[in-house]
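Read from first to last, the chains carry the letters A, B, C and D; within each, the first residue is number 1.
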Amino acid sequence: MTVVDTETGRPANPTATAWPVAEQQHMLRMMIRIRRFEERLAALFKRGELPGFVHLYLGEEAVAVGVCSALRADDRITSTHRGHGHVIAKGASTDRMMAELFGRVDGYCRGKGGSMHIVDFSLGIMGTNGIVGGGIPIGTGSAWGDKHLGRDNVTVVFFGDGASNQGVFFESMNLAAIWKLPVIFVCENNGYTEWTPTEKLTAGRIVDRGSPMGIPGDLVDGNDVVAVREATDKAVARARTGQGPTLIEARTYRWHGHNEGEEAFAGAYRPQQEQDDWRGRDPIAAYGHALVQAGVITQPEWDEIDLAETAAVEASVVFAQQSPLPDPEEALDHLFATTSTGDLR
Amino acid sequence: MTVVDTETGRPANPTATAWPVAEQQHMLRMMIRIRRFEERLAALFKRGELPGFVHLYLGEEAVAVGVCSALRADDRITSTHRGHGHVIAKGASTDRMMAELFGRVDGYCRGKGGSMHIVDFSLGIMGTNGIVGGGIPIGTGSAWGDKHLGRDNVTVVFFGDGASNQGVFFESMNLAAIWKLPVIFVCENNGYTEWTPTEKLTAGRIVDRGSPMGIPGDLVDGNDVVAVREATDKAVARARTGQGPTLIEARTYRWHGHNEGEEAFAGAYRPQQEQDDWRGRDPIAAYGHALVQAGVITQPEWDEIDLAETAAVEASVVFAQQSPLPDPEEALDHLFATTSTGDLR
Amino acid sequence: MTMTAQSSTSEPTATQRPTYFVNAMKEGLHAAMSEDDRVVVIGEDVDRSVIGATRGLIDDFGPMRVRNTPISEATFVGACVGAAAAGLRPVVDLMVGSFFYVAMDQLADQAAKLRYMSGGQVALPIVYFAATGPSGSGAAQHSENLHPMLMNVAGLKIVMPSTPYDAKGLMISAIRDPNPVVYLQDFVLGGTKSHVPEDAYAIPLGVGDVKKPGTDVTVVAIGATVPKALRVAKALEKEGISVEVIDPRTLVPLDEDLILSSVARTGRLVVTDSARLTCSAASEIVAMVAQSGFGTLKAAPQRVAWENVPVPFSPPLEKRVLVQDDDIRRAILATLA
Amino acid sequence: MTMTAQSSTSEPTATQRPTYFVNAMKEGLHAAMSEDDRVVVIGEDVDRSVIGATRGLIDDFGPMRVRNTPISEATFVGACVGAAAAGLRPVVDLMVGSFFYVAMDQLADQAAKLRYMSGGQVALPIVYFAATGPSGSGAAQHSENLHPMLMNVAGLKIVMPSTPYDAKGLMISAIRDPNPVVYLQDFVLGGTKSHVPEDAYAIPLGVGDVKKPGTDVTVVAIGATVPKALRVAKALEKEGISVEVIDPRTLVPLDEDLILSSVARTGRLVVTDSARLTCSAASEIVAMVAQSGFGTLKAAPQRVAWENVPVPFSPPLEKRVLVQDDDIRRAILATLA
């Protein structure tokens, strides 16, 4: 069947429910934004321009965008050490992200956080996290807070296959189940926990881990943004209507190393064939071509988006580089609040 | 069918596989020993003769005895805050237990441990535990140690329904599953986590919590010592033959409060009818009568066992009361070992 | 400092009644829950309350604001971070201080750090309280006092009252405070009784209290050691030795000025802590004075704390490990020798 | 003490080669695994090794003795208690010091206490090691140094070497020790290099080392602050100030006599710690000397440690929080003012 977009009269993506053209183009744009942002980081890291270490999201873009495109601006997420994609998809400014990654004063956290602690509460971004599994209870509590305060917001908790072996994952599922919390547990299973294949560390299927607690599990192709989006739409509907949590396992793959620069010491732990196969399943190319096929977008429009996003990332690098380093004395600020309303200067 | 005991020619317990009469009588005796021990503690506590606080096992005797009667002397257990039954069933001396509960020098831990830290490594009793869930990783590690060292010992991890919401329970099941460890997770579901009904805190059935990891679950009547024993026999066979862990959920009920003396402040949190029903399902009376029925034991023999065990517990109290309190300076001993072979004096 | 003065010197007024420590905590909780309906109390069996500080609150505030949790400390301690960011003001009853260990990452690495890491984007008004320290043969896993550890974690305020009066006023301030606050009720104080005003009052965090003025020796006492120090001080009074007893009441922030100015007058310092000696609050305070008040010290400062072993079960062993009146007395006399 | 002397003063011999700190740790691990096949190493990705101390061990000892774990710190830290009781000698790579928080109950409440609680029935030979402390913009959750907290937990020995030589000898002693030992490799030291003997040798736990003799001021330095203190000491030498630099090397047990006797000679003390100031090892050592060596102190003892905030990401912020050479220098001069 072909769904026709009412605004434009153009056929909408046949693989999807009838989303407006603008929305489908936006999903493509966001995946491209993440892609270009991460590619730029890889280059910057190689040139030694980034402090600390970074974990890139390249290849997994469809998960973040499929999930976050199903959320409202006032919904919330907690993220991981591999979180740039999540926060971009949730609407973060790449300027302020890049500035944070450079440790500059215009960064989201004024340089205090870095890659693993990017926060923008105004966008519902409750933080990437340096502790594997660390964000799971926090996101569960965010859902508890919203429910208690009578809001219909939902919170998405992103975590990896490795994090699915942390006790807080099960504890949080149990709490979410008995309190029927509006939380969605999204496991990004990219096949590896650092350098070890997931199946060597993780018994059974992650998607099944909530079923003993009555939490529905949905296993989706994490490289198919439409599949991820549809699964999330279902989970969001459940959460918003008080039916409680859902567990989504999205199978995907990271194109780069666990962290940039690992080649120096990790050795070859992933078969080349496996890597090639997954790169052959590029979520952006797949969705872009589907949209062109469906006439939702033209190739020139797609190229246009890519050029614009590439330029925007370049501008973010300039923004970051022009932003000053924080005054060392700021290191002593922000430990304790004096009023309950935050005091972001 | 009637199984005849080859030694005695008497018909064995029809409800059970053909265990020797002596063994069936021993199971009854051990349940009675626990019962009389705990009843005595209740009286001692009321009279203020016990330091600290105690959690009694009354009513749950069939679980400890059903499980531990399936173990070898060199198998191991980790236990809980409600552990007297477990350690008695594993063969602990009631003299040294009672002395420990009195804080005397002849106690298992020379008075350092008390009710929640009763240990006898020579009997494979790796400790009751004051931290809910605390013994679960320790028992899992004990199974890892045995397997690594090429032994065929198994370790039983006892824990409660409340402990089933601690993250380490899931983490340990996962580790046991991927390493195929000879460990048996025995959940004693007595319907309450302190004073809160289990179902208000615990999503779904505990027995199912291992299935996503491929761990078989066995739900048994925790007041039927034969059922518990048979489930444990199966689990032990799996573990000893390298087939990995099993999860057993035994449904039972504690006759007394969460801890002795709670009446003063807990209020009435369990329906009287519920309490009466469960007391009507006394695991000792049920098994004793079954054995009499089956001609495995006569009423006089049963009475004889009871008298003997009651007397033995009395003797334990005398033993404890006659044991001196430890020299205060001993408080500074036993922090660090000087040789790897322990230094129990 | 009026409030401070009042707490130590004021005579019971008409509106004051003799009140148990745990009930004073409850009065503080009740007042804070009444003034702000975003305040919620969670924890294991908080409806009936094992220790007592939350007992009966459910009758006035219902099961949604007084809510039982599963035994999942790491998760509900961390959940409060998200809930606070979402607009709640969670108060958590951890029941027993030792159980903080189970939730240490969520407490020390998440709750304590999120605001700082975010560059001050959010305030996290959370109170984590517990009955803590030895309770009389509670044995090693129910007798820990974690304030020394938690003092080393930047981002947590730490409150440790020693009287029912302080317990109520500090509970109210802790709940009103926009930061994560750890509130420790030294177990053995729970059953102590003294006069407490009926209506709500706040004792500011970071303001210590002179529990007994004196001129010869300054004794800084923490938690359960405060009544011990006061007993010893009164006894020494008869022997002509004038001891000043200071209770910091909050360990983070610490009222360093009050301590330093007292030592500047007395020239002698004893610090007694309700914790193991190594890296204790006693060590911190002695080091602080040694560094910042060295010139005022006339004698070696003395630390009186637990032996460096877990707390054993048997009464004579436990007694040997914990701080006794005589230990404090000997330390005071040592500074005068 | 010959070994001690040797470690600081001996010239490289024929059998010594310049060796990186992490490789010295690996040599210690290799030697211990070779001499006792009950020694097993577990942790996340220990086969390939993120930090490096276990890299390649799997080639010699196989996947059963060098075994990858799931990300379940609480469980595998606690599993070692049961495994050790069963007869293994587990060595755990926690990777990063901050991750101890996740396993704190199993470490501080179980591993550290089981032997004591049982009245000495069992010995638990376990080593928990990690790369710890700031690594250069690792940010708040990858830069913690937990030795101050763990020093307050009775039942854990704590090792914190500052040179490749000590790293190897102390690793061997830690593994041979029949008790739980926490072995902390201050991150930034991992890439430092010095001469290390090829064959196995043990440096006893509890024996500090004079890294540089001196007569005017005693500087006790811990972990990553040792090379800083030595740099400052050498610079001050030119200005006619003779600084003695002591590295305790193990914090539990602590070589108090070495420190006290040095202060008895110099009369001046600076303690610099690779940790936040409050309740730090620096506070503990200053307090210990103030109490036990007061009469020998000619000036106020100085503590030099991190600011009391989480470790921030941005380089200038991180630099402001951590200990810099100048901080140590100023503190030394302050004791001479």
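Some observations on this one:
The working rule: a residue touches a chain if its C-beta (ideal position, glycine included) is under 8 Å from a C-beta of that chain, and two chains touch if they have at least 3 such contacts.
Values in this document were obtained by computation on a predicted structure and should not be read as measured data.
Compared with subunit A, the chain whose C-alpha mean position is the greatest distance off is B.
Two chain pairs are in question, A-D and A-C; the one with more C-beta pairs in contact is A-C. Here the CA centre of subunit A is 38 Å from the CA centre of subunit D. With each centre defined as the average position of its C-alpha atoms, the distance from subunit B to subunit D rounds to 41 Å. Distance between chain centres (mean CA atoms), subunit A to subunit B: 47 Å.
In subunit B, the residues that touch at least two other chains are 107, 109, 111-113, 117, 129, 131, 134, 165-168, 171, 174, 178, 200-202, 335. Along subunit C, residues 69-70, 72, 74-75, 98, 101-102, 105, 109, 116-117, 139-141, 154-155, 308-310, 312 each make contact with two or more other chains.
In the complex of the two chains, the subunit D residues touching subunit B come out as 38, 40, 64, 69-70, 72, 74-88, 90, 105-106, 109-110, 114-125, 154-155, 157, 178-179. Against subunit A, the residues of subunit D that register as touching in their complex are 44-45, 47-50, 52, 55, 68-72, 74-75, 98-99, 101-102, 136-142, 307-310, 312-321. Across the interface of their complex, subunit D is touched by residues 76, 78, 107-113, 117, 119-121, 126-127, 129, 131, 134, 136-146, 148-149, 153, 155, 167-168, 171-172, 174-175, 178, 333-345 of subunit B.
Residues 98, 101-102, 104-105, 108-109, 112-113, 116-117, 139-141, 144, 148-149, 151-155, 252, 275-276, 278-284, 286-288, 290-292, 294-295, 297, 299-303, 308-310, 312 of subunit C are the ones touching subunit D in the complex.
By the touch rule above, subunit A contacts subunit B in their complex via residues 165-171, 173-174, 177-178, 200-205, 208-209, 211-215.
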